[in-house]
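In the two complexes that follow, subunit A is the common piece, with subunit B as its partner first and subunit C second.
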Partner chain A sequence: MKKYGELVAERSFLLSALASSSITVAILAFMVFMGLPLMKQAGFYQLLVKPWAPYQGTFGIYPMIVGTGCISLLSLVVAFPLSLGCSFLIATIAPKPVSKGLRRLIELMTGIPTVIYGFVGIFLLVPYIRELFRSGSGLCVLTAALVLGIMITPTMTLFFCDSFDRIPRSYLTAAEALGASRTQKLLYVILPCAKMGMLNGVILALGRAVGDTLVALMLAGNSVRVPGSVLEPARTLTAHIALVIAADYESPEFRSIFACGIVLYLFTMMVTFLVRYLSFAEGRRD
Partner chain B sequence: MRRIFFIQPVLIVSILLAACLPAFSGSLDSFQGEKGELKISGGTAHIPVMKEAARQIMMANPEIQISIAGGGSGVGIKQVGEGLVDIGNSGRKATDEEIGRYQLKLFQWAIDGVGPVVNPENPVKALTKDQMKDIFAGKVSNWKTLGGEDREINIYTRDEASGTRAVFWKKGLDKGPITPSAHVVVSNGAMKSAIAQDPYGIGYVSVGHIDASVAPVALDGVVPTIETVQDGAYKIARGLYSNTRGEPVGLTKKFIDFLYSPDGKKIIESKGFIPVR
Partner chain C sequence: MKTRIFEKFTVVFAWLAGLVLLAGVCLLLGYLFFKGHASLNLSLIFGDTPPLRALLLKQRVFEGLFPAVAGTFVLVVLSIAWAIPFGIATGIYLAEYAGPRVKRALDALFDVLSGMPSIVIGLFGFSFAVFLHKHYSDRIGPCLLISSIALSFLVLPYIIRTTQAALEGVPLNIRLTALALGATRLQNIFLVLIPRSVSGIMSGIILAIGRCAEDTAVIMLTGAVASAGLPRSLFSQYEALPFFIYYISSQYADSEELMQGYGASIVLLFLCALLFVTAYGIRKGLSHFVFYRP
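Now for the complex of A and B:
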């Protein structure tokens, strides 16, 4: 009887595993299928490098790819030092009650919906950036990257803290016994040991920055041109999908958002594989 | 026996009230005894009118639930065609192809203009049509050449699904180019708040949405207002449509009829549009 029950459980788990993994593949297949007419007509490569001009019949997503890249990488530049500082403070410098409180606060911050970051950004940051640089409207790559950077900081910080916590206690005590100062301990013991875990955090935060829609939609200005500087507006792939999804189902504009979907999908997949590979490499080294 | 005496006046008053209630509500009579849900989406210029109409109907009859979403004219036509909503609003006439594909019935209940707007702080409050075309094409890029401050012009436009954009592009820009460096916002409301925030911005909104937070720009000497749209002096005008798939029935029909009733027309006027006669 028990064996029979076990078999049923095993089969049902297998089924759910198969279902969830096949859905992932099916989504990619669906996007390729829907995007195929346009891709055949124009070529996938052409879609990637041409500009977006629906009235002239070109539906390239190149400006959006550049926009996504600029905004998400710049947001990493903002978030990395912030997260590093926060996690150092929490993990080593601050006294126990303070670090515990800070950690709770940062955990809370990861749960704030992105639309709130966007909202606050529009009213506080946009006018400030506009007047600070006296150029453009304030809805630009820089504004979006700053807000996005602040948005991904909690995620990154938590990852950093976790990888600091995983360092064996004995390493730290050994360093202390050798008379290492706090800074030395940080630079020569903690950082080298936590390198891989931190890289994981950075990559996952990058994934979050690339995948976020609302912050860029609200703050980046959404113009369909390759931005010439960080003070110019740009559009991300996700914002592009959100803006074009309302167009006619049969139109080539609508088809082109499947190309955006494929690019985003492939990017996320790459990120996931990279994270897997890195954790695997780390696991083997230990 | 005493209790019945107590109840009697209450009963009389409530019967009297019930008898008088229809007289107060006027055009809302037809919603008596109706219940259910009505879903509306699409054109963002329509939203103030839809909201007020829905509020009055739901106040008169709490059994009715009306939900209103935006999305733009393209979304409205698509969603009503796919049967996702009961009424799909559009700020442009549905194309013959759309009407044919979805068997749409069109109800035009108001006339609206689309007017260029700037921030109230901007000294430039009048443009010629050619100047405006040059601005939106990106040929004129500084307010200084138009008599304003020495700052870049920030151009705001709408997304592909917008009926406001379609009308402005056709009648305001004569299908001329809109520079790809223009900012894109997703509704008339968002356009208004973007221009209200940006002293160096220029965009276009439904005339019904123009209020103190943004300043209308006179085009060839004509300021876009209800009056100039109504007497035909201001040319960038369009109809506001509510579309249904097939002949409307039940609550949907009553809602559309309400827009044409005297009370409905009052709402349309109060929100800055011109009700159709």
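Now for the complex of A and C:
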């Protein structure tokens, strides 16, 4: 009797594990299934490189891909130095109580809802950018990238700090014994050792930036053109999905959002496997 | 000499970066409170309706945030209710039963799922609703049920990961004692390992609640609308706080509505901060007080 119960429990654990993991596969399957008619008609590769021109019958998502790329790379440019500095502060430079407090604060910052970043961005930053550059409405690539950069900084900082924490204690004591100052320890021991982990952090933060919807949707202006400069509006893949959803179910416009979904999915998968590979390589080196 | 300057520069750079980030956060929060503190009172939530009558569902609230707060609450409860059993069971399987090869494959799948942009999960939920609508029943469209299921997909990896990590963190001697005394594997899990790792699992669940409460991308595709009143059934559309904030930011008609938007942002911010601090406290060991049994 007891044996039977054990078996049932084990089977149900296995079943729920299979059910949860099949979600990942089911999402991709659904996207492909729904997007197939358009892809058959136009070809997946063609969709990726063609412009968006509904009146000429092409529904390429090239402008959205470029928009996503610009905004997320620019946000990395904002976030990387900030995170680097903050993680330096937390790791060695700041005195103990300050660094502890800063770390708590940054952990808390990861919990701020995205929609609030967007909301404050609209009413605080957008008018300022409009006044400063005197061009357009202030809803542009730059605005979105600035807010997105502030938003991903906490995550990136925490990844950096984690990779600093993984360095063997003995390395640090050896450096201290040789008379290295705190800054020297950071620059010549911690930083070279943590390079791999930091690369992981940057990649994961890039994933977050690409996957974020609300900030780009609220701040980037959403025009379907390839942006010519950082002061022009753009539309990201995620915002495109959110905006087109209202159209009718059979139209090619509607089908095109599944192409966006597939691109985002594949990108996520790439990021995940790259990070897994890098951490695996890092683990083996030690 | 050159290296000395480089080191000095590094220190200055680090403090500067810290200050910039702090200034950014203070600006964000300060602006929100400066603009929105005036709207923080009971009529923000309940409008002109007496709070007690609104809470007892005797009178509809038209002017306040009450329907949105209620929608978010129901949504969070439902999604967590779907996610907890599957999440914990899967965590247990990964930590205690899975062989190394199966574990690696499942780990990879859950990593992909946890990195998935929430809009993609929302799109999945939406197309699932469309699929059901076309093939089964006209009555099913984007609704509370679909939203909560999609949200539970979003937070499932959090619960799985924290459960797995908490179970794997139990020290070996405790893990083996009950087995050595003749307990079965299942008894060991439920009577020894899970009570030991309750705080880890709880903090994961609370983080998942926070994620459910703040996510906007999933619900805007799967049934949140601007005015629906209180959620009536699983198959009805509903209002939610984050969607309300998004909606106000693009469609506000007058300064009064805008003030409501500020108020809603502050409420949502407090809610998320509270959940976050709770999760943190539990992980830090407050659980000994909360779950203390003599």
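Going forward, the second predicted complex is superposed on the first by the 279 of 286 C-alpha atoms of A that agree within 3 Å, B and C clash if a C-alpha of one lies under 4 Å from a C-alpha of the other, contacts with A are read in each partner's own complex, and residues count from 1 in each chain.
Everything that follows uses one rule, which is that a contact is a pair of C-beta atoms (placed from the backbone, for glycine too) under 8 Å apart; a residue touches a chain by one contact, two chains touch by 3 or more.
Please read these numbers as outputs of a predicted model, since none were measured by experiment.
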**Request:** Applying the touch criterion given at the start, work out whether A:L132 contacts subunit B, subunit C, both or neither, answering first, second, both or neither.
**Result:** neither
| query | Given the touch rule stated above, what does A:R225 touch, subunit B (first), subunit C (second), both, or neither? | reply | first
- Considering only the touch criterion stated at the top, classify A:L266 as touching first (subunit B), second (subunit C), both, or neither. neither
The answer to whether subunit B or subunit C touches more of subunit A is C
Quick check for you: in the superposed arrangement, does A:I23 touch first (subunit B), second (subunit C), both or neither?
second
- For A:T114, decide between first (touching subunit B), second (touching subunit C), both and neither. second
Query = Of the two partner chains, subunit B (first) and subunit C (second), which one does A:I257 touch, if any: first, second, both, or neither?
reply = second
Practice problem: Check whether A:L36 is in contact with subunit B, with subunit C, with both or with neither, and answer first, second, both or neither. | Solution: neither
According to the stated criteria, A:L48 is in contact with first (subunit B), second (subunit C), both, or neither; which is it? neither
> Should A:G207 be classified as contacting the first partner (subunit B), the second (subunit C), both, or neither?
Replying inline: second
Dual-contact residues of subunit A (subunit B, subunit C) 122, 217, 249
The answer for subunit B against subunit A in the complex is residues 71-72, 74-75, 78, 151-152, 154, 159-161, 177, 179-186, 194, 197-198, 200-201
Interface with subunit B, subunit A side, in the complex: residues 51-55, 63, 122, 126-127, 130, 134-139, 217, 221-225, 232-233, 235, 243-244, 246-249, 253
The residues of subunit A that touch subunit C in their complex are 2, 5-6, 9-10, 12-14, 16-17, 19-21, 23-27, 30-31, 34, 81-86, 88-89, 93-94, 102, 105-109, 111-120, 122-124, 150, 153, 181, 183-184, 186-187, 204, 207, 210-214, 217-218, 238, 241-242, 245, 249, 257-258, 261, 264-265, 268-269, 271-273, 275-276
Residue positions on subunit C within touch of subunit A in the complex are 6-7, 10-11, 13-18, 20-22, 24-25, 27-28, 31-32, 35, 85-87, 89-90, 92-94, 96-98, 106, 108-113, 115-124, 126-128, 130-131, 153, 156, 160, 184-186, 210, 213-214, 216-217, 220-221, 242, 245-246, 249-250, 261, 265, 268-269, 272-273, 275-277, 280
